[in-house]
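Okay, so chain A shows up in both of these, paired with chain B first and chain C after.
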Partner chain A sequence: MSVVLDGVFWLLAVVSVASGIAVFRVDSMARATYALAVSFVAVGAMLLLLNLEYIGVITILMMVMEMAIMGIFMIMFMGMNPALMPMSMVHNKVGSLVLAVGVFVVLAGGALLIDWPDRRGAPAGDLTRSLGEAIMGSKMLVMLTVSPLLFATLVAALVLANPRGRYDRFGDDLRAGTPSGPAREGDDS
Partner chain B sequence: MQVGPLGALTAAVLLGVVAVLAAAFDGTLGARLQGRRAFSGVTAPLWEAARLLRQRRRTIVAADSLLWRIGVVGLLVVALLKVVVVPLGWWTVADLSIGMVWFNAMDVMVWALVWLIGWGANSAHALIGGYRFLGQALSYELPLMFALTGPAIAAGSLRVGDVVAAQQDLWFVVWMPVAFLVFCAGVVAFSVWGPFGAAAGEDIAGGVLAELSGVDRLLVLAGRYALLSAGAGFVVALFLGGGSGPLAPAWVWTLVKTLAVLAALIGVRRLLPVVRPDRLAEVAWIVVLPAVLLQLLLVGVMVVL
Partner chain C sequence: MTLDTVLVVAAGLFSVGVYGALSQQVVVMVMMGLELMLNGVILAAAGLWWFLAPAPDGQVLLLVVIAAMTVEMAMGFAVATLLNRSRQSDMTDMATDLSG
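After this line comes the complex of A and B, so read on.
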């Protein structure tokens, strides 16, 4: 069984690295986006191998969702839309190459050279739960403070970005009987 | 109880049969509405499938064939992966400890796949269809996720088997009607069907379907019916007590209930007009989402008490 698992691990590892490289080798925004999605999905599947079912599946869910939305933004923000045509995915080649190789060498070297401690104790029964407690347990107060702030920031950003808020739809005193729907004004379709 | 490889094959075949029944039912409704004999509608999907199998694939300049094919094949694959956690009576292909999240992850895959079908064709109408679907997805996905949360909270587990078992006394649909309706709407929405079929709307020449031909078109149309079927099966497990029922064995009840839900979802197409994704957004975020959250509050209070 462990031979099969090893095989699956190496397959996923190769897929994730290869599709990560593909992100920079392909010539289309859509392909780059979904190559990255494949890379993330492979990493999510590797988490499943660690018996972290919830975190693995959630990673896949969130990454596919994010990449689907990111693809739209990547194409949208390319002025005059060259994103619909074949284009290079790389800018500042030398600089980014130096950075990427440097970071890889530091991280991989660290992982290989560090004197890993021996395992103490046995793994917990419910890995997802214990991981959650390890991450959140002592930081709960921070999380509780940060989350309303983040939420308020999101709402504020949306209010600022929204071209037609409720005052546009219900009038200045919010007394209009029927709102002017999104399709009635400013609708150029 | 988990089944072996033969059971997985059975599940795949069963999904195919249910999807064909769904297509036949939709054909029947269409035929009756046009005043034709019902039988011509029942067989229509089979003739259409035969026609598409023989049709030569249309080729398009500068189409992104790789991404296009992934999207085309993907819908059916995702429907099959969903059925993995849908129980038939007491049997499941894989009763994962996080079955609910698995189903959710698979329906998020549809986001990518429908957009890829729209993108790959290198056609304006198809691309607009793809964008429409993602716009619609932003509206339906959160209510759908929260609707999923209701049964999970009530059962205290993300395992679909536990959710079914928790409905021994009372089906969740009785005290979670809002979550039930929202989840059904979500199933219709991720299947690009009926009122939520704007991505394949006739006003944009079929949208994501516009450039599909031959076996590609067949796979996408079949994939939509398969997604509806898998979704209906999951609705039964989540809200309608799974296989519970008198006299007949559990698997019969699961099938009967699934077909009943599926018939309703199919019929919705003939009852409701297509909703524009931009209009849907307002209703989904201002009305539906708070309604589902209130439903969750109710469920939470009931569970604590």
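After this line comes the complex of A and C, so read on.
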């Protein structure tokens, strides 16, 4: 059984890294998005091999959705059919490659050379249930911190992406009595 | 499947992400590089958790990394939208100055 698991792990490992490399090698953004989605699915499946059912499944579901949204944004910003347009938009390719290889050597060297300690403790019988209990119990502070962070992200993203805010409508010092908006059709101010 | 092999694969994913984040010019492609780096972090954290200390609450760290990914995507798209609106461009090289 462990031989089969090892085989599946190595297959997923090769798929995840190869599709990660493909993200920056393929000649269209649509293909790059699909390649990244494949990489995420492979990592999600590796999490399943580590018995992390819940985290593995949400990684797969979230990332597939995220890549779909990414595809929409690409089409929106690039103003073309991204599946048909070859592209090579890189800068400092050699420097980046050298740094990436250096990072890999340091990280992989550390992983292989460090004398890792023995396993401490045993996993809970039902890992998903134990995660839920941790979130609602001893690690509730983490979730209480993540929640306002996500809300702040929503607000910040809206403020950044909004074409005009209160200063555009009420003047730089907010002294304009009536707003110059709301935006109407054909009004591009 | 051992801790070493999981960490080496995670290091590979992280390094590919580093290359992408540093070399790509399009904002969305830079974000893809960052996502790949976080992908490696998730795998490494899962491996460390499973092989060293599989306590129940260790999984919460993975949830935090996934939340960080979500925040990165949302802010990245917002910045890409802003850049597209103000410069009619989606390239990082067009946004090298801080003046509007």
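As a convention for this text, the second predicted complex is superposed on the first by the 118 of 189 C-alpha atoms of A that agree within 3 Å, B and C clash if a C-alpha of one lies under 4 Å from a C-alpha of the other, contacts with A are read in each partner's own complex, and residues count from 1 in each chain.
By our rule, a residue touches a chain if its C-beta (ideal position, glycine included) is under 8 Å from a C-beta of that chain, and two chains touch if they have at least 3 such contacts.
It should be emphasised that the depicted structure is a prediction, and the values quoted were computed from it without experimental measurement.
Going by the contact rule set out at the top, does A:S28 touch chain B (first), chain C (second), both, or neither?
first
Using the touch definition from the top, say if A:A13 reaches chain B (first), chain C (second), both or neither.
So A:A13 only meets chain C here.
Look at A:S39 in the shared chain and tell me whether it touches chain B only, chain C only, both, or neither; answer first, second, both or neither.
Second partner only.
Once chain A of both complexes is superposed, is A:A68 in touch with chain B (first), chain C (second), both, or neither?
In the superposed model, A:A68 contacts chain B only, not chain C.
Should A:I58 be classified as contacting the first partner (chain B), the second (chain C), both, or neither?
both
Quick check on the superposed pair: does A:S138 touch chain B, chain C, both, or neither? Answer first, second, both or neither.
second
What's your read, chain B or chain C touching more residues of chain A?
If we count touched residues of chain A for both partners, the winner is C.
Same chain A residues contacting chain B and chain C, which ones?
Common to the two interfaces on chain A: residues 54, 58, 69.
In their complex, what parts of chain C are in touch with chain A?
Where chain C meets chain A, its residues are 1, 3-20, 22-26, 28-29, 31-33, 35-36, 39, 42-43, 46-47, 49-57, 59-60, 62-64, 66-67, 69-71, 73-75, 77-82, 84-85, 90-91, 93.
Which residues of chain A touch chain B in the complex?
Chain A reaches chain B through residues 28, 30-31, 34, 37, 53-54, 57-58, 60-61, 64-65, 67-69, 71-72, 181-183.
List the residues on chain A that touch chain C in their complex, please.
2, 5-6, 9-10, 13, 16-17, 20-21, 23-24, 29, 32-33, 36, 39-40, 43, 46-47, 49-52, 54-55, 58-59, 62-63, 66, 69-70, 73-74, 77-78, 89-93, 95-97, 99-101, 103-104, 107-108, 111-112, 116-117, 119-124, 127, 130-131, 133-135, 138-139, 142-143, 146, 149-150, 153-154, 156-158, 160-161, 163
Would you mind writing out the residues of chain B in touch with chain A in their complex?
Counting only chain B, the residues touching chain A are 64, 66-67, 70, 96-98, 101-102, 104-105, 108-109, 111-112, 115-116, 119, 131, 134, 137, 141, 158, 276, 278-279, 281-282.
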